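Structures incoming, each one as structure tokens.
The same chain A turns up in both complexes below, where it pairs with chain B and then with chain C.
Here is the complex of A and B:
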């Protein structure tokens, strides 16, 4: 647990970088002119290369280097990122991922083929850019060799010294690359009494007169790159460093703001140590052009800096452990509260209340720490849609909203597969082909919206397409053919659509590689229900289909309603509870007809005493709790409603997997276990009872 | 390897428990802990031999009743009643299960020479639930096959 495998750390880091890279590449397809996207793709590539080399992934490093070199022309703005180029770049990204994750499964030939493609695209429009090339720097790797060197501006975080990094050592390393002219920038130094002796206030302005690669410079700062800002720009001078040009160089130095001569602290390996007489006069107005050019990069770098400070990487299992501990604490606290309430000691009651408050805020904080914005998941689907829309030649616009909606980490992982199914279905079955769309007067490009939004204690995730909508008649015909319903049975559209979730049900006339095998929707439904969520379908013929997933915020702790049936106590998830009403004697008498009249609406009800085979005599005043899943309401008749309960969910073991009406268990304040009712199953049970009644009445 | 296995078969650490009139030897390697009876929570609709769940150190685990599996009469809890928590593999996953015992005798060793062939006749329980029958202090004890019993 203590020492993590560094290779594993690299893999984790790389997988995040891949997401960044992929996101940037896909965005680039939409906004080819966005410089920041190119830069962020480039930066991701570069970090992969750097850390790859560091951890011994030499193949990764060399391939990424080639990739980077080819992509460099895009970065320089010499060529536009076309769709084809982006497709190849994505393939290259996949190849790197394969190299990292499973080097055995890849072949160098694939890599070479991708590189060839990449180079072909990159050099294809060379003639157009030819003129610019002569004026500007020539393309690809050799570009650096014709430069006189680099102009670096180094700004370290003030705490860098405390981490044991010594900027001077780094400058020494830099000097090994070639002759350096180092000028410290002292304008950040505060007055003596405000100064923290452990902070680093100096910045450096370095001119490196060596025709080295940018990568070589980055290598120097590899270990501190998160704690510094490095602004790099090529030096235009052709001459090798000599005393005279050095003075010239000094003239265009960014002038210090402070009204005092800046001392040259270090001039290492430079042929002459120069007195800074020439640059003593301050020139605040003049800013070097090179610095302006590299501004976006610096800005993005700064963004990354902020993130580095604000987040700490924690292993997921530690969070899980923390959640377990908090769960136990909540249970122990419930026992304490119960004990305190039964006694008469006021001071114990006060402590119990204090601990209750602390435990509940600790619970909220811990759950908050497990929350991850769903955007991390949405990002993955952009690639899926990109590929699907290409393979099926259905142009699709993909819109996501609510990326910052937060969900429990485990839920996000569980959601990935169901959403893949839904999106595939939407593209394959939902969106019509271009010809049909045109014929129906729709835009050529289909549209898929993926949205997440908070709604009370639930999160709604919707997948919406603007395709043809569900073909209710065909679903019905198929259901009749499979013997799921009798021909001519009266069903609402909503009921018919539920057959889509039936295992092995597919209306696709042909089975494509993507969908149509009828596995999928039932899996989706099961996965969502396992997360204690529900799924809704709504469709309008010709306008599209919307699938809504309703999910609880977390899997670990829920608010529950504690009830008593006979001698047993049970928990109903509070999110499913609509209202609690008293069961009147009139309702009770209407045997055989298990319907309640709730404000003019007929609601079927279940007597939990019967389901739980409770012993003893029922309470005189039976209560009904109306629960709902989506549109359907069902009443549950119980003996007593005890009250709210913070429910830490424990799963039931395999030995009880055949019991479907319970979704889990929890531990009550007195240390006994209580079972949590599975709302979806109870609703289904009530509905099947109603149907049976219909049948028996009809007979 | 073979020798080790033979040795294991020859000398086996067991925990002797009593169910009704019979004595059973549970492989000590399976046993996690032995606890006093705790309040049980009945699970409606569960199979008869795992009728309830209990809370053991914050985990909700099923409580199995071997007496039901073996068709024996159920006794009221007495001062001797204990719950033996064992860990078995179900579908390649470790599962904790509590087993009610009317009495727990001792931890002991039974050796292979004591092992008797399971008689085909004269048994009022299913032979597949029994790993073998051993002799302990001039008494016949049953070594049950917990995986099969609980599956």
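Here is the complex of A and C:
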């Protein structure tokens, strides 16, 4: 097992942090008052900075530090994150990503320009420098204040310094809240031989004389709350004047630590009050019974508990490899089961059943390990919509649901590009410009919903907009113009909309940078069908369009229905099977029309013997399997239904890539191959036969 | 890294960078000097970068020397080191004296 390159580990971690950061920034645009979002963005920034420094990405660390500093006023609640500020912050995030992933493509001038913009936005409402800032400094406790302040005991985890965190910076920040009396606790310092010089051994006992609330202190430690123990208790009320902010009077670099006048230390009834010149080393404060557990500490405790459920980062190729091995095991198990069934040895049959059970369980576990929440994909589109909305001057609200829905990681990767096409189309063609929307009595802001939901063994992903809907008349006119249909042909709206998936078909009157070239929807459809999924459109004029993608949960192993047609055996994905019925003599007599009457509903059927050009005589009692893709149902007439089969999908060779009715192949228990039927293609074939029948009857 | 063992034999001058980035090599220097000398004087005049790790290392050196009966004396604290000490809460001269045995011939 080869170890991963540490910088690669950092890149991967940073990539996840960028998603968090981007998500938080985009959400801030919608909810500028949400403190948790600001904190989340800052935590991500801080970790990127710390890890960047640790792995030698000095430029990343220094740029991120500047970014953090400039954005600090947002964290402090002094300014609100405006859309302009969010845009610049996003650009800064992109720059940091480029510094990590492709440093050659970056230019310091760009970085400086971004930082200048950032500083300009955050300082636009900054009060005048100098005196004004001193006036704006954290308020000191008034004379005879009843609020004495806080007693803190800080103990950091030993590795904290390696992460790039600096306790001295935190102490500085703490001292900005008000006069601080900081006492280092040195009893944890080991002898030289026992020491790791990069570990943190110092602890601190701090008395903060400020009328700040606990949240302000939590803010100081929010980035390290997982890596420290913070004990917080209120100082008892005093009737003495608060100490003067001596740091403002120092002539040298303002030292954040303030030496408190002795009387103050004496009157503060803290658990342990140690004078600077005390002989004995300060001891940790005896925690009062009624002490308050700070929020960061509580969080830290919770997270420590969570560490019990540890996660392990595994290379994607290894998961693929594991899935391949499980596939081979499933095939071998099928052979064993078949062999055991043909013999009479009961013990072998029992072992075969046991192995079948174990293989099935291993398959499910392995597939589960490959499942990724689709939310990781949805997050990417938020930025896309943000940018498109800005570029096209179409305010758009983006709503996602079902982010927890899990899909195989390969499916997630394949789904990204089709969704980009669909979302671009929705904004560019679907959502009307603001003036049109207002004229039609709609809200100024358009809306795009991206949703995922489980439906049996499938996942439905929908992209829905509340734009103008498809212009059916224009699509039809274009189809006629391109010779795809005869003028005056009778077609349903649904059939007309299918032309949008025809290669090179576009009704856009102008070609934009985003869409209109007619290369998109056909690619989307092909990609989805290659994933053994299907795509469906529904639209209402003036109300919007919904595109629904139906996807199997996985591309690797599926439950299939094994059937026989002539001498050949085939697999139908079980997720597409609705029911199995017998083909009656009456149905047989309807030859030429090829429709079944299923509980009063006419369902077209295909005789697979004809499609496969099977030799020999058909079985006397032929079966019909009703399959569906969304709303459309089709019957497949077969000779025999053999039964369920765990199907390990193997790709067809390039030689067979043009045989569209098969989506792959599998190996059966006896070592022979069976082809997997492509349900979407068969349904399309049945529909086209029906259409031809309509046309010939009309003629 | 600029450090040297100068006369008298038991003096060690700390390098400019005593931050976490270089602390391991500073640690090795001090341990090595400890192995050679009965009495160690550490010259802190060149320290330009200091942080929590530098403070801890000096505290540990003093504690180890004290325990082994081999005095460790710190001399000539640089301004940078003093600032770092102050930020860490070693705010008064008395407090610094208490934790860091010094020979005050410098700053």
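To be clear about the criterion, the second predicted complex is superposed on the first by the 504 of 699 C-alpha atoms of A that agree within 3 Å, B and C clash if a C-alpha of one lies under 4 Å from a C-alpha of the other, contacts with A are read in each partner's own complex, and residues count from 1 in each chain.
Definition applied: contacts are C-beta pairs under 8 Å (C-beta built on N, C-alpha and C of every residue); 3 or more make two chains touch, one makes a residue touch a chain.
These numbers were taken from a predicted model, which means no experiment stands behind them.
Student: Scan A:328 for contacts with chain B and chain C and give back first, second, both or neither.
Tutor: In the superposed model, A:328 contacts chain B only, not chain C.
Student: For A:452, select first, second, both or neither according to whether it touches chain B, chain C, the two together, or no partner.
Tutor: In the superposition, A:452 contacts neither chain B nor chain C.
Student: Contact-wise, after the overlay, does A:612 reach chain B, chain C, both or neither (first, second, both, neither)?
Tutor: A:612 contacts chain B only, not chain C.
Student: Given the touch rule stated above, what does A:650 touch, chain B (first), chain C (second), both, or neither?
Tutor: The first partner, chain B, only.
Student: Return first, second, both or neither, reflecting whether A:671 touches chain B, chain C, both chains, or no partner chain.
Tutor: First partner only, chain B.
Student: Show me the residue ranges of chain B that touch chain A in the complex, using the header's touch definition.
Tutor: Residue list for chain B touching chain A: 38-39, 41-47, 50, 53-55, 58-62, 64, 90-91, 93, 95-97, 150.
Student: Can you tell me which positions in chain A touch chain C when the two form their complex?
Tutor: Counting only chain A, the residues touching chain C are 161-162, 166-168, 171-172, 182-184, 186, 189-193, 195, 197-198, 200-202, 204, 253, 255-259, 276-277, 279.
Student: Write out the stretch or stretches of chain C touching chain A in their complex.
Tutor: Per the stated touch rule, the residues are 20, 23-24, 26-27, 30-31, 34, 51-53, 55-57, 59-61, 63-64, 67, 83-84, 86-92, 94-95, 98-99.
Student: How about chain A: which of its residues touch chain B in the complex?
Tutor: Against chain B, chain A makes touches at 327-328, 331, 568, 611-613, 650, 652-656, 658-662, 665-667, 670-675.
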